[in-house]
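This is the structure I have questions about; it appears just below.
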Amino acid sequence: MGEWFEQNGALLGLALLDGIASAALIFMVAVGLNLVFGVLRVLNVAHGSFFAIGGYMAASIGLLMTAVGLPPWASFAALLLAAVVTGAILGPLIERFLLRRVYAEESVLQLLVTFALFMILEDLQKIVWGVQPVSFGGPVALMGTVDVPFAGDVIPYNAYQVILLPVVALLTLGGLAWFLRRTLAGRVIVAVTLDREAATAMGIDAGRVFLLTFTFGAVLAALGGALSAPTASLVPGVGASTIVLSFAVVATAGLGQIEGAALTALMIGIGRSVAVTFEPELEVVVPYLIMVAVLLLRPQGLFGVPETRRI
Amino acid sequence: MSALLEARGLRLAFGGVKAADGIDLAVTAGEFLAIIGPNGAGKTTFINMATGYLRSQGGQILFDGAEITGRSPREIVRRGIARSFQLPQLFSEHTVEENAALAIAARDGIWSPFRPLLRPAWREEARDLLDRFGLLPAAALRADALNEGTRKLADIAMAVALRPRVLLMDEPTSGVAASEKMAVVETLARVLRSSGVTAVFVEHDMDVVERFADRVAVWAQGRIAALGSPAAVLADPEVQRNVIGIARPARATGGRAADA
Amino acid sequence: MRGLRRAEILIALLLAAAIVLAAFSTPWLRFVLTVALAKGVAVLGILLLLRAGQVSFGHALYVALGAYAVAFLAPRVPEAALLLPLAAVVAGLVGTVVGLFVSRYREIFFGMLNLALSMVFYSVLEKLYHITRGTDGIRVPAITVLGQPLEGSSYDWAVFAMALGLALLFGLLARAYLASPVGQALAAIKTRETRLDFMGVSPRRVLLSAYVLSAVMAGCAGAVIAMATRHVTPLLAYWTASGELVFIAVLGGAGGVLGPFLGAATFELVRVYAAATVADAWGMILGAVLLLVILFARGGLWGIVAARLGRRRAA
Amino acid sequence: MPVTSPLTRRGALAAGFGSVLLPAGLSAQAPAAKPSELKIGITTFLSGPASVFGVPGRNAAEMLAEEINREGGIGGVPIRLFFVDEGPGIDHLVGEFRRLVQNEKVDVMLASISSGSCLACTPLAEELRKVTLLWDCGTQRIFEEGSYKYAFRSQANSTPEMMAPLLYLLKHKPDFRSLAVVNQDYAWGRDSWELWKAAMDVLKPGVRVVAELFPRFGATDFSAEVTRLLALRPDVVLSTSWGGDLDTFIRQSAERRLFERSTFVLPLAESSLERVGRLLPPGHIVGSRGDHWHQHPRPADPAALQRFVANYRRRFNAYPIYPTYHMAQAFSALRAAYAKATAANGGNWPSDVQLAGAFPGLEFDSPTARLRIREDGQALEPQLIGTTAQDDRFPFPIMDRMVVFPPETIMPPVGQKSLDWIRTLTADAVSRVPDPVRPAG
């Protein structure tokens, strides 16, 4: 073991860096989904569409800003703007006109409503943005690289990926934790997550909480998409692969748990990059293996509270 | 007489609250034992422990001489201890008749995948059972369409359908309209006596206790504070102050025993 | 209620006759309907789990297992009458092992564990490239049907008949199962699982029985799909294929065993017509159809039929 | 618009449902009267990540159909196109294939981008006795493992597409000692690596393969892979990826200066050049799955290529990429086959069998070369490989030191399987690599 570390310790360190960067993105998307699931109890498949549309929107706005000659730093504003625009338009529309009509229905119907929506939005993206890969590299180029020493050499990393993304993810985590625990609106959300009946019985307007949470979740998904636009190319189907991964995170993390989502994202991100370094063929199944392993040990998810079966 | 169901030094605490603090209680075969006591004293906890829903932190539970401490609810019910619930636990998408038939099926074996649940024999037994509880008019109604009193009776009927030797009932008359309460109790008593079931029930209504119980146990702060015949126990000034004093006024004003 | 159950059989026979007629009059429909019937059988399994309130997002695993079982065994056992039960056994065995694990879980955990396992299987199919040919898939060699080496349209007819036979068989089986105590206990899992425990019934075992049955059904469906398309690829196990099964279940309606078949036929035909009209936006059309059904006909297509029948009876 | 009208197609579909049609088998023998229109079914990706190729392919088909119809059609018969999406999977594809043949009565099918789709469609073509041109899929297995009377391929296959870049590398960068591969995790990614590895082991034994990475198809982040490659410092990085995957891989490699450490071999990068632009630095080896590029150094008919490129750019605001050339090849082959079969039939319109009979030995023009279909149904298509270079006329890298490989030198003869043939190769193969073409003018 010690010998192995001597040989591979540095490699492991590099894998950790990559893992943290990719975990940051996974977290950004999954935490929104988990929040929405915790409060509305709707597993929102269209979350993947929000991610994709947020990404496309960021690329469009960013390229537009560059075209009209705005300074380079404006590209960061483009990312944020894209997320807010996407989430604040799509979120309330969908919650108000679709989800609200099926809250009383069985969960499979709610889920299928979002699935149908996902199929529709998927084709809409193709109509609006076409099928050719779209990307927007501005912010990455702007931030440049940081050199990490390795074996008498250096490995350049994108500052955007290893510094900005983790910082944004940490700020989001911290901000969310503060919001949920220290503010009234946040406590209301937590109350609804823990016990919807009791919360509504106490006079909480569940409708408003749902609307706010859903919109907030949509903004987070779109932000995830916008943040990935500078490093990845957006193609049709990118939303689909995002949503499966986010589902896995939610199930592993536990209902509505933001710290759970963070830890799960970290495990998946690092697990995958370690797999790429030492056992590449395992990379694809890492999220699923982690989920199965966690649920074997903790059937309610990492941070899930075992639901007392009330009698 | 030997005890059919017996607790020895049973202990369970939630956080700092002691629901059972060394309980010794023996239920004799054939008797109706009422458990009374202030809210939160641990009465329901006793039922939950005896049926395997909660695991005790100390002590033993014996049924028919064999230890059942820590067994699963399924195993305990198969040995002959059934229970009913303070909040009725019905299958809300099924009719009352189907609920009863499911209980009968659970007793006789549900693994007959090619014969319908409502096969003639079970259907007849279900209807007979419902008839004895006066539930026949509601047989075809979905369980989620019933009023509270009917749900309560159906809940008990399902437990009775299992043909237990001991039936543990958690507030069998809460939620039943005051005007019907005594009739319900009569029905219940008749059904249980005729099938020779031993009954333990948690109850807040002292009229019901007086009428129904052979013995009364007073549960207070996780201990059995008093045990004896209804007349003796209910006359105890200590009991009157601590337990009945809480329950009586509620009944006088609302016409109902105070719910949990 | 009884009347509706009898009407159900009548409608099933009418539907079968209509399908045969359509397959007879229009050769290309024969294939589409074969696949639709097969998917209907798989969806029937989904419906059993839906009765217990559980949604599996991984049943494509069993469809793919059945299909690959046929593809791998056909060179050695080139007989449909043997391949079909073999596929069912393979799916049933895997279903039992997986079921023992997932039947402990409910709701999102149940759904996602199923999804995870099907995705792991998908990856295995892709990774074991030298055995499975990866995404290129495997061609199913020519097989005999009841000893007859068939070709062209007579082979297609045989597979169609097999699909129709399976649909009827499993339709009746599922009907009997759902009416039985175990089947009724499934719905009890959804509404009040703990009570089952206090009645001495293991909810886990009840769910397991439905799970194994659903795996067998999906396996048979996969076998028929393999025999009909004569080419199997890992895409059969992808999560979207599982999603499609749930989609069809909801579209058809979970209220009766005819729902899956109504749903599957509608799904396939809408997709064909949508694809013929706007080849690159069929997803949007399917999505819109599903939305409309959920918003305006919550019982699905079977719900609409049943309501019509009920009204006529009442009138 | 002469191409498709949704309304009439829906009508035709409705008419087909319920009308009693002849059994499919008869269509091949049906008397061949000259039809009023020539119906062509085309399967291509219209959804999912592979629509990156599928949609340009369809665009090219629509453009070509219009051009052909403006000139009076094929043999005087206007053509009409029917598109099928490969995205939903094999069962949908097979159903649509049957519908087009049996209900829409298409005369010819152009099948598939995905090799899996082609493998499913070719036997179907035989069963339905319908001429099917494999217009884009790559797998060499089809004509090496089976023989077909109705299926033909109007472009090269994976073997020459991998042999050409390997030989180019061996000729122009002969002293590399280590190599890493980063291919998409699906059949093409695995297949292309298997071919490359087998040939490399024969032609340059002893190359150390330091990493075999197969990231998920459709992956959006290659950071871990790039890190691994930066740490390993292989002399050569091979990637047969394409589409969004390749764009992202190039982008992340460029940002992290991996291009400075290793020479990249990207056999499909032609399709990404315009999008990745200057991110892809000079000095790396790229190919285009065939003999096509808008700056082709020596096209057989420069005017034809220019016209094709200009028309496509005008219409779709992008340079044509290899699927569009492949589509043009399929149309050209079809046109030539109809001409040949009609001539052989005494000037009368050919039946399905007669049309099929025209393909073996058929010669036809691509925008850049004259191609021939061998007797096994496989076309002989040259392969163009070049090295990236900067050119101020373009906002993206162009190819320099371009080599056009004659097809016979980079693929097995009829009847021999690729891996068997590869084992017979000698170092001679490298010395026979042609010199780079000097662009005319």
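Chains here go by letter, A, B, C and D, matching the order in which they are written, and residues are numbered from 1 within each.
To be clear about the criterion, a contact is a pair of C-beta atoms (placed from the backbone, for glycine too) under 8 Å apart; a residue touches a chain by one contact, two chains touch by 3 or more.
The model shown is predicted, which means the values in this text are computed figures rather than measured ones.
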By mean Cα position, the chain sitting nearest the middle: C
Per Cα centroids, the chain farthest from subunit A: B
Chain pair, A-D or B-C, that carries the greater number of C-beta contacts: A-D
Averaged-CA centre spacing for the pair subunit D and subunit A, given as whole angstrom: 37
Distance between the centres, which are taken as Cα means, of subunit D and subunit B, whole angstrom: 76
Separation of mean Cα positions, subunit C and subunit B [Å, integer]: 44
Length of the line joining the C-alpha centres of subunit A and subunit C, rounded to whole Å: 32
Per-residue overlap in subunit B, given as positions that touch at least 2 other chains: 53, 89
Subunit A: positions in contact with at least two other chains: 122-123, 126, 281, 284, 311
Contacts with two or more other chains, residues of subunit D listed in rising order: 47, 51, 55, 185
Sites on subunit A touched by subunit C in the complex: 37, 43, 98, 101-102, 105-109, 111-113, 115-120, 122-124, 126-127, 240, 244, 247-248, 250-251, 255, 281, 284-285, 287-289, 291-292, 295, 299-301, 309, 311
Subunit A partner contacts - residues on subunit D that touch it in the complex: 47-49, 51-52, 54-55, 185, 211-216, 218, 220-221, 223-225, 227-228, 230-231, 233, 243-245, 247-248, 251-252, 255-257, 272, 275, 279, 318
Footprint of subunit B on subunit C - complex, ascending: 176-177, 179-185, 187-188, 190-192, 194-202, 206, 209
Complex contacts: residues of subunit C adjacent to subunit D: 22, 25-29, 31-32, 35, 126-127, 129, 133-137, 139, 152-153, 225, 228-233, 235-236, 241, 268, 271-273, 275-280, 282-283
In the complex with subunit C, residue positions of subunit B that touch it: 51, 53, 72-74, 77-78, 82-83, 89-94, 98, 101-103, 105-107, 110-118, 158, 162
